[in-house]
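To keep things simple, chains are lettered A, B and C as they appear, and every chain counts its residues starting from 1.
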Amino acid sequence: MEFGPHLMLAALEGAVTAAVLALMAAGLSLVFGVMRVVNVAHGEFYMLGAVLAFVVAGMAGGGAPGFVAALVAVPLIVAALAVAADRAVLRRLSYDPERTIVATIGILYILQQLALMGYGPDARPVAPPFNHRIALPWIDWGAGGPVLTWPWGLSITSYKLFVIGAAATVLAGLWLLMTRTRIGLVMRATQLDRETAQTFGIPVGRVYALVFGLGAGLAALAGVLIVPIQQAHYLMGGDALLLSFIVVIIGGLGSLPGTLIAAVLIGLSDGIISVFFSPTLAKIIATLLVALVLVFRPQGLMGKPAR
Amino acid sequence: MSALLSTRALSKSFAGLRAVHEVDLDLAPGEIRALIGPNGAGKTTLVSMLIGRIAPTSGAILFEGRDITRLPAHARVRLGMAYTFQITSVFARLDVAENVGLAARRRLGGDRAAVARETALVLERVGLAGHADALAGDLSYGHQRLLELAMGLAQAPRLLILDEPTQGLAEGEIEAFKRLIREVAAEATILLIEHNMSVVMALADRITVLDFGEVLAEGSPAGIHASAAVQAAYLGTGADA
Amino acid sequence: MNARILALHGGLLALLLVLHFVLPVYHHGNLARIMVLACYAIGYNLLFGYTGLLSLGHAMFFAAGMYGMGMPFHHLGLGAELAFLAGIGTAGALALVVGLLALRTLGVAFMIVTLMFSQAFYLMILLAARWTRGDEGLVLAGADRVLFGLDLTDPDIRYLLALGLFALCLSAALWLVRRPFGRVLVAIRENPERAELLGYDIFRHKLAAVVVSGMFSGAAGAAYGLMFGYVGASFAEVHFSIFPLLWVLLGGAGTVIGPFFGVLFMFYLIDISSGLTPAYMLIAGVALVLLTLFAPQGLAGEVRRRWLRWLP
């Protein structure tokens, strides 16, 4: 394949990564934005989404109905689990930033190891509900002007397009929820000033539980969507956490639009970089980038400096 | 007269708001200078710039003729400036003796005996000798104010900046405080921010009045007391003196 | 030095020496490992427990010590003594660079920056597989593992050397935290702004704490590699940054003796549970959650709070 089509393919693959990443990072960013805590267990909610998708799809008889069942039920199950974790642990720590990180590291291990015990060490796939190969055209400049060609290998599946579409829909829904509804208003009020929100009668405790559940649900949804492309494995949360950290930090902690832009940027560049570089080198560059952004530009590349 | 501490056109704005504007201040060695003014006049902002907690927008600060405008706070302290916080800031989970010990140790180094001696001496002076082993956080508010002062004294500073030291002290404690400051004045220059006018009148050699971030008047206690402009500034903003 | 402090810490070392003669082989070997890992925990605690800086990336210092020792030992044939010093030096240099950058941040950002640097360091070990042999790691030849004429493959010598290193780290930590330097670190942990206005340069003290902590960790890593003959990338993984945090939280942050007991308990807890299930890290997770919820002071911290206020 020539360079141009190659790049286009990488960009398309990157768009799938970006879609899943945007969902996950939006969850992490929401939790950080409203609750001011970093949830290190976020990657495990994503892993649980994938693993439970395998379980639920199997119970519902597999195939398209199984996948739909997983798509609906799994984010809800994981969100409920997260709410329980919030009630049982985070609330008791009064959301102290440092102790919360330590506790969520504990939750990370608990979830990951429970998945290992219950699900086992194998990676397992879930069949996509539909999976048509869609060949993509490329324009070559021939002797007589532009010619439409169909390079071999330049294609995407209908399922991957569905993932991109589904993520975009959910994120648009999240944006509407945050900007157009009462619940969104309450969340933003809590984000701006916890104490004032409390004196105005906002049940901050319940808002926190809701936000934590919503954040985990988004990660789980990303997990469900990815299983037909990448298999479910109990250790898959680590890399996903790292990537969403990168996205959230570069996008500016707690800013949803910044997070989305960064997800697209990182998703695309991750796809493109790993085509041309070794994935390890790409990861080294990415981790160092996060560290250096935090050191030299803590408000994120797209955020505004603090007042 | 060469000043111990001088400021030249010292200014600070927060987001365009002028908190301190072109203040020229000269502290003579050995004097007790009171800095007064209505709430929000910029007193704490001014001394925060002197000690290096916040950076000025423009202007210069000189200590013993040396420009210290760009020095970090700890370096200014090393030159002989000490600062006690308006809002009590002690090491709450350490005992009283260690709080003072930390202040003394920077000067005295690893000499344990000397640090212990100095600590005991200072605690005796401020009247906290009986509380040496208590955790600083367990002290009453008034005692924490005295501990702040003790930490200032233990540094044996040449300039001691006291930010509202008598706030929250009982009447009896205030009398003891005045006696103590008179003693200390023999060793150090004192810049005193104070709301309690009886303390100011009893202690100050000179008074600087700050209003809306600018020096409104400067003079002897008697002169300031008689000044119509000062009266107006205080009355105009609610007379909290 | 205070007699009871001397008695307590000296007593522990004496007990460990006695155990050398009475312990069965299995536990004897375990305790040698525990003592080396306790040096790592003591180093971590200097930063976390005393200075109040929570690093999530200390594995890079442990691994820097291990690889800084192992690479010249394996590839250049450097003697064990110099290789050990090279390990400590490497860790110290890395700590200096990381400290200069990471200390520009505070709190949560500091945790994430250290985590990221450590992850990058781990990935670099994998990337340099030509020299580090990546995941597989380097096995150090037994015949070369001789320190001052002592054969490190002999379990008895290994135990006594581990005890020697532990004694050194324990006394160095005890000395450090009782010196003015250590007192200032505590002051920075408690109230950095106040400490600054007592004339202490906060940044330089923190930087020194990071470097010292990194060198302790590096010494433990170098010793571990040298004694047990293996230098592997798994020691640079995230888990290995979480472990010292766990040990110190369990043993008692800000106590000199606590980290040892943290390592001891956790080591056996994991040892026992890994016999039962492959998911033995579950224990670590549960312990972390329970500790943050119910005993943030840890074992020695609780003892100090309840009974022995003089515990350093």
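Operating definition for what follows: contacts are C-beta pairs under 8 Å (C-beta built on N, C-alpha and C of every residue); 3 or more make two chains touch, one makes a residue touch a chain.
Only a predicted model underlies this, so the values are computations on that prediction, with no experimental measurement involved.
Novice: Report the chain whose mean Cα position is at the greatest distance from that of chain C.
Specialist: Ranked by distance of C-alpha centres from chain C, the top chain is B.
Novice: So which chain ends up closest to the centre of the protein, judged by Cα positions averaged per chain?
Specialist: If we average C-alpha coordinates per chain, C lands closest to the whole-structure average.
Novice: Find the geometric centre of each of chain A and chain C from their Cα atoms only, then give the gap between the two centres in Å, rounded to an integer.
Specialist: Roughly 34 Å separates the two chain centres.
Novice: On a C-alpha centroid basis, what's the spacing between chain B and chain C, in Å?
Specialist: 43
Novice: Would you kindly tell me how far, in whole Å, the mean C-alpha position of chain B lies from that of chain A?
Specialist: 53
Novice: Mind pulling up the chain B residues that touch chain C in the complex?
Specialist: Listed in rising order, the residues are 51, 53, 72-75, 77-78, 82-83, 85, 89-94, 98, 101-103, 105-106, 109-110, 151, 155.
Novice: Would you mind writing out the residues of chain A in touch with chain C in their complex?
Specialist: So the residues of chain A in touch with chain C come to 38, 89, 92-93, 97-99, 101-103, 105-114, 116-117, 121, 238, 242, 245, 249, 278, 280-281, 283-284, 287-288, 290-292, 294-296, 298.
Novice: Within their complex, state which residues of chain C touch chain A.
Specialist: 54, 56, 101-102, 104-105, 107-109, 111-113, 116-117, 119-120, 123-124, 126-127, 238, 242, 245, 249, 277-282, 284-293, 296
Novice: Note which residues of chain C are touching chain B in the complex, please.
Specialist: Within the complex, chain C contacts chain B at residues 179-180, 183-184, 186-187, 190-191, 193-202.
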